[in-house]
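The same chain A turns up in both complexes below, where it pairs with chain B and then with chain C.
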Partner chain A sequence: MLVIALVVGFPILFSVRESLFASSSGVDPTTGVLQSGEHFAGLSNFTDIFSNPTLVVGVWGSMDRLVNAFINTTFFTVVCVVAETIIGVAMAVIMSKAFRGRGLVRAAILVPWAIPTIVSAKMWALIFDANGVANKLLGQNILWLADNSYSQWAVIVADVWKTAPFIGLLTLAGLQTIPDEVYEAARVDGASGWQQFTRITLPLVQPALVVAVLFRTLDTMRMFDLPFGMIGPGKYSVETLSMFAYFENNALRYGPAAAYSIVLFLYIVLVAFLFVKLLGADVVGDPEAKAMAEARKRRKVAARQAKAEGRPVPKPVRSTITSGDSPS
Partner chain B sequence: MTTQTHVHTSAEEVHALAHRKRSGKDIAVLVGGIIGMAVIVIYCLAPFYWMIVSSLRLPTMGRSTDFIPNPVSFANYAGVFDPSNNFGRAIINSIIVSTVVTVLTLLFGILAAYALARLRFRFKGAVLAIIIACSMFPGITLLIPLFKLFTGSYPWFPLNWMNTYQALIIPSLSFGLPLCVWNLTAFFRQLPVELEQAAMVDGCTPGQAFVRVILPLAAPGIFTTAIITFIAVWNEFLIALTFATRSDMYTATVAISKFTGQYGFDTPWGSIMAAGVLLTVPLIILVLVFQRRIVAGLTAGGVK
Partner chain C sequence: MNNKTTKRALVATLAAAGVLATAACSSTPASSGSAGADTTADWTKKGPITYAQGKDTSGNLKAEIDEWNAANPDQKVTLIELSDSADQQRDAMVQRATAKSGEFSVISMDVVWTAEFAANQWVQELPTDKFPMTGMLPSAVDGVTYFNKVYGYPSTSDGALLYFRKDLLDAKGLKAPTTWAEMKTVCDAIVPEHPGMSCYAGQFQKYEGLTVNVAEAINSAGGEVLTKDGKPAVNTPAALSGVQWLVDGFKDGMIPKEAITFKEEESRQAFQDGKLLFLRNWPYVYQLAQKTDGSSQVAGKFAVAPLPGKDGPGVSTLGGHNMAISKFADNKGTAMEFIKWMNTQDNQKRRLKTSSQAPTVQSLYSDSSLQTEFPYLKDLGDSIATAKPRPKAVKYADVTLAVQDATYATLQGQKTPQVAFDELQTKLTDLVK
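The block that comes next holds the complex of A and B.
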């Protein structure tokens, strides 16, 4: 076991170290790295956001470019994730009811997932072209790609198309773990189809769904290639935080660019934290880690009780191997 | 089954039992299900169909909205490989980067995931949380300092790594590795620990038990993870866009976004769509061949 620990522990530490370094070096420029040609900027990159706004006109009126990007990111995230979740769950329910052809549908569902985002961006750009097929089908002459609120919806449609099937797939996996007996019992008790869905399906599929939605939310928040490839650079109505930071970086303004990317990073951390706290998203999903945390808590409580009653503190039992399930 | 246990049941009765009368509601559910599935399939495939159709038009008819190309032409596919686009080179770059990243992540990922699945140590929950958090970092937060680093802006790193393969590969590890470790941990956890114990009873060292017993058994999982990682790296755009500024270092996804085509200033939609089809079809074939495993991998890992 010791050999494994040595051979295997090292790569873990290595990978963790590597990832930590990559992320913490992201903080460096903002906290001010003293080096040639640059001076310690302190928080001025951040305060510039408020004291020194660069006004742009997006869909939300004239405002600072960062605030505009921030609102765009939030708007895209909320609308896309809600739409994806609804469509995805609907897909999963349909697929779970199906007797035949599930393989075909599953194959079809994997197609949007496998298409590179930038390819789908170009594809939707052609569909939403002013003379394109979307306008033809709708009988309209909408300038979808012309930096207006329609272009936001074009991006949203493209994103939902690509990712809703994916939520469907994950939800389906959750649905298939629900035993039929539960539904039978509900039918015997006289529950209607809708009641079965809201009272049984949703609560039981919730853990899988919450994790899927969390990942999708965080993924949408850092959206870059879709608006970039579809609408193009410098279009403020669809500019997200990722895009803004990228352009700043390309203009060699590292300080502000890093500051904006940190804003995005903190925003993502905050949302992830809220998800985990409010919705109880069990992201790690490792029964053992959970069991260990509980065991630690129990030991603490036991130790406190023991102290209060003047008994000797019980020694914890240690083990290093696990069978995969959680004995504690 | 019924015919064997119930001797007295006549053939007709068996037949009647086997074919329970379908009520109207059952039929409605069935029809609804078929319609729903058809809607899903159309939803997923219609835009893709449009891409294929558009790629098969004449290059001069890029924006045509006919639902069937008339006449069918492969001129766009020839246009994709026009020397000015450097697309062949871009595909080779993509293959190199994706393959190297996949191999590297598997090398590190297998060992790390095995430890995470089998060993019990303090802060394991924290390590898992850090790994999953890494895969959710916004790419741009990592890229800005790396961009600065690779352009040689730091005095302690005097190399200029822009437009090199290592500049494309190393940042890709940052999202490939967590993805890989996460997926593989789920796979290793499914294998019972008794396998190693049995191997060790038979005289294997832990290392041997891992190599001879666990690795072969986990091969399907490792293979699935490899495909998922490969696709993720293949589809990557932001890193490649940032670190490849010369057209001979573009990966395929970047090349496609910079297409100019040979027909003047009008966007060469036909060629772009043809390139998109060329980029996507290998992935779709991979996905279709291994769809069961990929679905299992995606749901087991819970990684998007």
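The block that comes next holds the complex of A and C.
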């Protein structure tokens, strides 16, 4: 716990502190020397979004640069994760089937995931070049690498290509835990392929899939190297929160940079929380804790019912929860 | 059991040490550079130093430094090669400087970093009596000057050239254009006969090269980005007419549409593939486009000229790297001698011959034996002689992005030059204040 406090807690607190400072600077008119210092700025790094916006024009119209980055981040996350999930699950279903050369297909599908992101960014930049393969295949003359909505789709294609295998792999692991007998029984009962998929495969693979999707969502929200390496910095149609924070940091404005990182951090925390609450992503995976929480819930319900019916509240039954696979 | 406790204690100690180290690194100085300009440096102290620059692509730098080390065994220079990306070089240098570290004694400073490094007092002011710069190109000296003080020693320079298809111009008996109007006339006579060919391209992707190209258009039309006293002037009629030239170029097809995604290499490729009649680029293209191994279709078919302008010769944007001494460096005496030795006329001549780096010593440009070896050298000298540096702004990263924002929106037709550059004027006024 102490280690976590030092390794995780301290940097977070430090950036929160940093986000409350702003550097003031001015140039001495005779020597040109910078007079600079940091002063306490309160929440102004955050409120500037509303009171002192830096307007930029991306795909979504003219708006504050942070808001624009925020919308881009959200847009990329939603579109990429949905596409990756669909394609990833399809990949997993194919990979789990027994056919000749299955090992080769599994290895091949993982290649995009194994390539470093910045390398695939440069590779896709070549593909989406004005004279690149993408335009040749489509027979179009689209300027993907300029700064427009096509750039967004170029990034999305590259991201899906790169990370759908990740979801595929995790889903495959889940698929392999489903016993064949279940499918056999379904076939005997006359279930169609689609019914088998929606009634058996999806529900049984859900725990693994939800964790995979959660990881991908959190990862996509931090997206940096793909748009940066492929389309470039300062392109508002693809600028994400990470890229904006990096730019501010590079311009030696550490306060705002920390503030924007915290906005991203809180956003990620919120999404992760919603995931766990709504979809029941079992990230921690501790059956004992789960069982205890459920027992508590049961007691509460019982108590409420008892109260409503005017019965005396039953005393909680202390039971030792034994769980086979929890470490002793 | 006992073993476990020891392990835990060890982990906790390590973690604590790690946190302390992080805290030590990340504590930014409360106020940096607030002291007045400090010219006092011990120019007599000798000893080992380091020299940090971007990746040495010529492969020749080590030999040069070995030569110095052999002659000065007690004042050894250690070469630190940084990334080949300019942004990452700057990052590495800024990190050392903000931590007041003298790890990099001598740095190779891009001409656009001069203002930022000088204003933050990260680099040492160089007294002119100790660093004589007679015989250096005036524009290169201007590039290292900030508020009338010198912060670097000119090392390499760079200027733009107009590459043109000499074979096609000769066939029509035409000469290299000196104005935009002449260039248009030449294009109208030649381009229609060559399907797939466009008249002109520079670098119009949204990156540093766009700032370079639009500054050239503005300066070549008689405008200025920043005036002499540092005030922005990007929405004057002269400046706007320069921008308008580029906008019209895209509109009427003089510049191909895909040029909006061109960086140096993409535009070089287009020229080498015979898709361009005129190309604005740096001198490095010359040797590559002259290659006869099949990579270039224009080998032996092109020549260079200075850039054209609105009513006369155009104005190039100044490039290049200069050598500066870290404020926090030890052994500044050695640093001084090393810098001067690296940039003697003989050493610059050697660097030109081995790695085609444009020298800052003026007389080399009129050396007739060098001119035969480098046919572009005379034109390059003319280009650099009138070249203008980019805005000397402390917040250069913000300034260049603002310029790129305005230009890119204009070139893509989202805003008119008047609207975009009025906005830019407001932004720049705020940024250079």
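Operating definition for what follows: the second predicted complex is superposed on the first by the 249 of 328 C-alpha atoms of A that agree within 3 Å, B and C clash if a C-alpha of one lies under 4 Å from a C-alpha of the other, contacts with A are read in each partner's own complex, and residues count from 1 in each chain.
By our rule, contacts are C-beta pairs under 8 Å (C-beta built on N, C-alpha and C of every residue); 3 or more make two chains touch, one makes a residue touch a chain.
Computed from a predicted structure; not experimentally measured.
Peer 1: Between chain B (first) and chain C (second), which, if any, makes contact with A:Ile94: first, second, both or neither?
Peer 2: Only chain B; A:Ile94 stays clear of chain C.
Peer 1: Quick check for you: in the superposed arrangement, does A:Asn141 touch first (chain B), second (chain C), both or neither?
Peer 2: It touches chain C, and chain B stays clear.
Peer 1: Give one of first, second, both or neither to describe whether A:Phe166 is in contact with chain B, with chain C, with both, or with none.
Peer 2: The first partner, chain B, only.
Peer 1: Using the superposition on chain A described above, determine whether A:Arg106 touches chain B (first), chain C (second), both, or neither.
Peer 2: In the superposition, A:Arg106 touches chain B alone.
Peer 1: For A:Ile178, decide between first (touching chain B), second (touching chain C), both and neither.
Peer 2: The answer is neither, since A:Ile178 touches no partner chain.
Peer 1: First (chain B), second (chain C), both or neither: which does A:Ala251 touch?
Peer 2: Only chain C; A:Ala251 stays clear of chain B.
Peer 1: Can A:Asn131 be said to touch chain B (first), chain C (second), both, or neither?
Peer 2: Both partners, chain B and chain C.
Peer 1: On chain A, what residues does chain B touch that chain C touches as well?
Peer 2: 3, 7, 11, 14, 25-26, 35-36, 129, 131, 254
Peer 1: Spell out the part of chain B that touches chain A in their complex, as residue ranges.
Peer 2: 29-30, 32-34, 36-37, 39-41, 43-45, 47-48, 50-51, 54, 63, 65, 108-109, 111-112, 114-121, 124-125, 127-134, 136-149, 153-155, 171, 173-174, 177-178, 181, 185, 189-194, 205-207, 210, 231, 234-235, 237-238, 241-242, 253-254, 256-257, 269, 272-273, 276, 279-280, 283-284, 286-288, 291, 294-295, 298-299, 302-304
Peer 1: Under the stated contact criterion, what part of chain A meets chain B in this complex?
Peer 2: The contact residues of chain A facing chain B are 1, 3-5, 7-9, 11-12, 14-16, 18-20, 22-23, 25-26, 28-29, 35-36, 90-91, 94-95, 97-99, 101, 103-124, 126-127, 129, 131-133, 136, 161, 165-166, 168-170, 173, 208, 211-212, 215-216, 218-219, 221-222, 224-225, 228-229, 241-242, 245-246, 249, 254, 257-258, 261-262, 264-265, 268, 272, 283-286, 288-290, 292-293, 319-324.
Peer 1: Mind pulling up the chain A residues that touch chain C in the complex?
Peer 2: Going through chain A, the ones touching chain C are 2-3, 6-7, 10-11, 14, 25-27, 30-38, 56-57, 129-131, 141, 143-148, 232-235, 247, 250-252, 254.
Peer 1: Which of the residues in chain C end up touching chain A in this complex?
Peer 2: Residue list for chain C touching chain A: 11-12, 15-16, 18-19, 22-23, 26, 28, 30-34, 36-37, 87, 91, 94, 98, 115, 118-121, 146-147, 149, 205-207, 257-258, 260-261, 266, 394-395, 397-398, 401, 404-405, 408-409, 412, 414, 433.
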